[in-house]
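Consider the two complexes below, in which chain A is the common component and chain B and chain C are the respective partners.
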Partner chain A sequence: MAVVIPVTVIIGIGTALYLELYIKRGSIQSIIQTNIANLAGVPSIVYGILGLTVFVRAMDFGNIVLAGGLTLSLLILPIVIVAAQEAVRSVPQHLSEASYGMGATKWQTIRRIILPAALPGILTGSILALSRAIGETAPLTVIGIPALLMAHPGGIFDKFTALPMQIYYWTLDSSLVDEYANLAAATIIVLLLLLFILNSVAVLIRNKFQQRL
Partner chain B sequence: MTSNSEARKSTVSVREMIEKKKATKILSKFKEKLVPMTLFLFAMVSILTTFGIIYTLFSETVEFFKRVPITDFFTGTVLRPLSQNPEFGVLPLINGTLISSIIAMLVAGPIGLMAAVYLSEYASDRVRRVLKPLLEILAGIPTVVYGFFAFTFVTPIIRSVWPDVDATNILSPGIVMGIMIIPMVASLSEDAMSSVPKSMREGAFALGATPLESTFKVVIPAALSGIIASFILGISRAIGETMIVTIASGSSKNFTFDVTESMQTMTAYIVEVAGGDAPAGSTIYFSLYAVAMTLFVFTLLMNLLARYVSRKFREEY
Partner chain C sequence: MSLTMIKKPETSNRTIPNTSKNIVFDTDDLNLWYGDTHALKNINLSINEKEVTAIIGPSGCGKSTFIKTLNRMVEMVPSVRTSGDIKYNEKSILEKSFRVEELRTRVGMVFQKPNPFPKSIYENVAYGPKIHGIRNKKVLDEIVEKSLRDAFIWDEVKDRLKENAYGLSGGQQQRLCIARTLAIEPDVLLMDEPTSALDPISTLKVEELVQKLKEDYSIVIVTHNMQQAARISDQTAFFLNGEVVEFDETEKLFSNPSDQRTEDYITGRFG
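Let's look at the complex of A and B:
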């Protein structure tokens, strides 16, 4: 997650700002927009294959956390971009016009006026996307986190593995060892609790700042 | 005396301010040019992702088709990647994928549509405010949790009613996948229905229609493009769904239409091959990409179709 948050938030906000404020309306804009919409519909396992090919094999990352994090970042990037775009678009026009009227440059306006005003929306969208990344399993199974677990079949909670991966393995093996089903259930509770907390934070932020503008 | 020194101080600071202002002006001009370029680079990441996906899938798939003829791949009904003389027919996987998606839509279609009708036409504001977040929670549950649910809860129930069902079968993940898609179908259909203007419903009421008649003869036909689009997106989601079928449907590559048996979907095959030790460069390793390519094309077509339907057949009011 330490990889996912900075990568997605920075690239996501950057793309959203570019698409909303800088790009000229026209074919390039619609190409990028269609492209993002299609990316959002690509099955997560295909991202897993991309991660396996590019990050794990081609770039030869020994570091599995980095490869996994980058793959998950690409996966949730479209969600963050769309959320950030909506947030930027919902900033009232007169705020930025007032800022230009005061002689501010475009970047000054974006940094001091638009970004602070759009921040709650961006945060909410990012947190929701993050909770999607936390629960995602399929790309991780493809990337090869399993190999790490094969070395510890007893289910030692390794630093480099993820909650959903544990659930997956324990569920698969629950026909072999009875306790594994219980273990999986317990892990699910932990995972759901985590997601519930994240989503509540997102909803709280949304409710708290909704009336402001 | 004091006012004099203050005045001198202020002249100095004004001069400094001018100098400073000049310096920042150059800096900010530089920034104004730099920022759009940086942001453009960020925007390119998403384009690069698409090209990355298409390039990796395509290049490795071409390599696969050099070893296995393309006609064998798409018409073969036998998939035996691990045997002595392996056969790579993708039809069992496509079959499994379609059957599980059809089961899912049989569950999610009617329930999702009815939920949408209730939310948009009948529910009071208070009920809606409770139900919508609940649907969102359902949509946020990780798929691996649904897989666990299918394997340890739904399958035993089905087997207690219908003992012929195998421990891993396609029926139970299909049903659970349907449950997973309900929120998506419901909320997209509800959006389509709420955007039907109130005047049309009132017109129907004025002609003496009951609420039920107005819903099924006026609102649903008017919102049909959005509803169909939500169904197509639901199918596309079901086709790309991985964890539920991997966990609950097993890995036997049967080519059958019997829902009580274990089948493998395209996604589950990818997980099996990638999770096992397929050495890079072997035919089975390349088959991974061919299957992924098929999957990618399927979902892409579905998504484009959904966009087309909702654009083309949208009725403007």
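Let's look at the complex of A and C:
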């Protein structure tokens, strides 16, 4: 998560602003737009293979947190971009007009008016995308994360595993070691709670700011 | 078609009211197209300093388009093309080298619908000075108070400066927007139907405000309300289908229009 959040939020917002406010409407813009929409629908296993090739092999990271994080970032980036675009587009035109009308530059208008107004939407979209990343296992299996009983990873260059993976192997081996069944059950609860909290936060943010505009 | 084109002031074919007045804006054969729509046709108008110039005309005749070219806001529409020239204090503003940010700090705009930012009343007024680099809290406080006083809204909001501007009534929001524009200390105020969304009492307040402001500012105001134009303006331009049909002193234009179409319009026979 330490990798996924900054990577997706920064690249996601940047791309959305570029697509909404800088690039000219036209063929290039619509090609990029279509591709992003398509990427959002690509099965996650494909991202896993891409991550394996690019991050683990080509860049030689090995199967560490950084590689996994970047892979998951790729996976949810299209979703974050689309959500952020939606949010930027829904900022009322008359607000940016007022800002330009007082001699503000484009960047000042974006930073002081558009981004603050779009932020709730961007946050909601990002959190929902993030909760998808937490539940993902397939792409991480592909980049070859070790399955069972890892020491807690201390930094982004350590090896790691995913909660769903832990659950799967603990359940599988519960016939060998009795405690594993309990461990698996506990982990499931942790995972569900995490997802529940993330999604509630997203809904709360949305409700809190919806009344404002 | 004889009187359609108003002669430029230099070619003294008509009485130039108040020749002693300085001219802030002077347009020279200004044309504007939205794609294929020819929205402004050969506009020659001069706008006097420290006077109120009213723009009247039926819907779609190009009033908003005209005042938005004066601060080049019209360029926000990608399909816009212009020809001709606009001089602001003798300088051509349509040239690409003229910085629009500079122009828009000199020529402030108030929009038809009140459009405060979703921020506090204080932050709304302080926005302009802040983007132009004023950081000093004391200076900002002073500008905010002065602007709110000048817009005759200080007494109504002085105890709630930290509250969100959306809690104000429509009329108060519009005066707040005027205060916000005054805070950048412009020379010219462009107002596009500033009272069309307001109730009669708020309208009256804004009209009084305009009367007061013209001591310090040159004002161009678009209005659908003929009585309003007659009440508050010194000069009036009547637009029709993108052309200026008549441009004259308000009194003259309303009492003794020289063009039949102007007469028809002000007597309510069309539009």
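We adopt the following convention: the second predicted complex is superposed on the first by the 186 of 213 C-alpha atoms of A that agree within 3 Å, B and C clash if a C-alpha of one lies under 4 Å from a C-alpha of the other, contacts with A are read in each partner's own complex, and residues count from 1 in each chain.
Keep in mind that, in the parts below, contacts are C-beta pairs under 8 Å (C-beta built on N, C-alpha and C of every residue); 3 or more make two chains touch, one makes a residue touch a chain.
Source: prediction; values computed, not measured.
Engineer: Just to be sure I read the superposition right, which of the two partners does A:183 touch: chain B = first, chain C = second, or both, or neither?
Structural biologist: neither
Engineer: Looking only at chain A, is it chain B or chain C that touches more of its residues?
Structural biologist: Between chain B and chain C, B touches the greater number of residues in chain A.
Engineer: Considering only touches as defined above, state whether A:97 meets chain B (first), chain C (second), both or neither.
Structural biologist: Once the two structures are laid over each other on A, A:97 reaches chain C alone.
Engineer: Can A:79 be said to touch chain B (first), chain C (second), both, or neither?
Structural biologist: Once the two structures are laid over each other on A, A:79 reaches no partner at all.
Engineer: What is the contact status of A:164 with respect to chain B (first) and chain C (second): first, second, both, or neither?
Structural biologist: first
Engineer: Pick one for A:105: touches chain B only (first), chain C only (second), both, or neither.
Structural biologist: both
Engineer: Does the superposition put A:39 against chain B (first), chain C (second), both, or neither?
Structural biologist: The first partner, chain B, only.
Engineer: With both complexes overlaid on chain A, does A:117 touch chain B (first), chain C (second), both or neither?
Structural biologist: Only chain C; A:117 stays clear of chain B.
Engineer: Looking at chain A, which of its residues have contacts with both chain B and chain C?
Structural biologist: 105, 108
Engineer: Under the touch definition given earlier, write down the residues of chain A that touch chain B in their complex.
Structural biologist: Of all residues in chain A, those touching chain B are 10-11, 14-15, 17-19, 22-23, 32, 35-39, 41-50, 52-54, 57, 74, 77-78, 81, 105-108, 110, 128, 131-132, 134-138, 141-144, 146, 164, 167-168, 171-172, 174-175, 181, 184-185, 188, 191-192, 195-196, 199, 203.
Engineer: For the complex, which residues does chain C have touching chain A?
Structural biologist: Checking each residue of chain C against chain A gives 71, 73, 76, 78, 100-105, 108-109, 111, 113, 115-118, 127-128, 131-132, 166, 177, 180-181, 184.
Engineer: Spell out the residues on chain B that touch chain A in their complex, using ranges where they run on.
Structural biologist: Touch list, chain B to chain A: 28, 31-32, 35-36, 38-43, 45-47, 49-50, 52-53, 56-57, 60, 133, 136-137, 140-145, 147-148, 151-152, 167, 233, 236, 239-243, 246-247, 267, 270-271, 274-275, 280, 288-289, 292, 295-296, 299-300, 302-304, 307.
Engineer: Report the residues of chain A in contact with chain C in the complex, numbered from low to high.
Structural biologist: 24-25, 92, 94-95, 97-105, 108, 112-113, 116-117, 212-213
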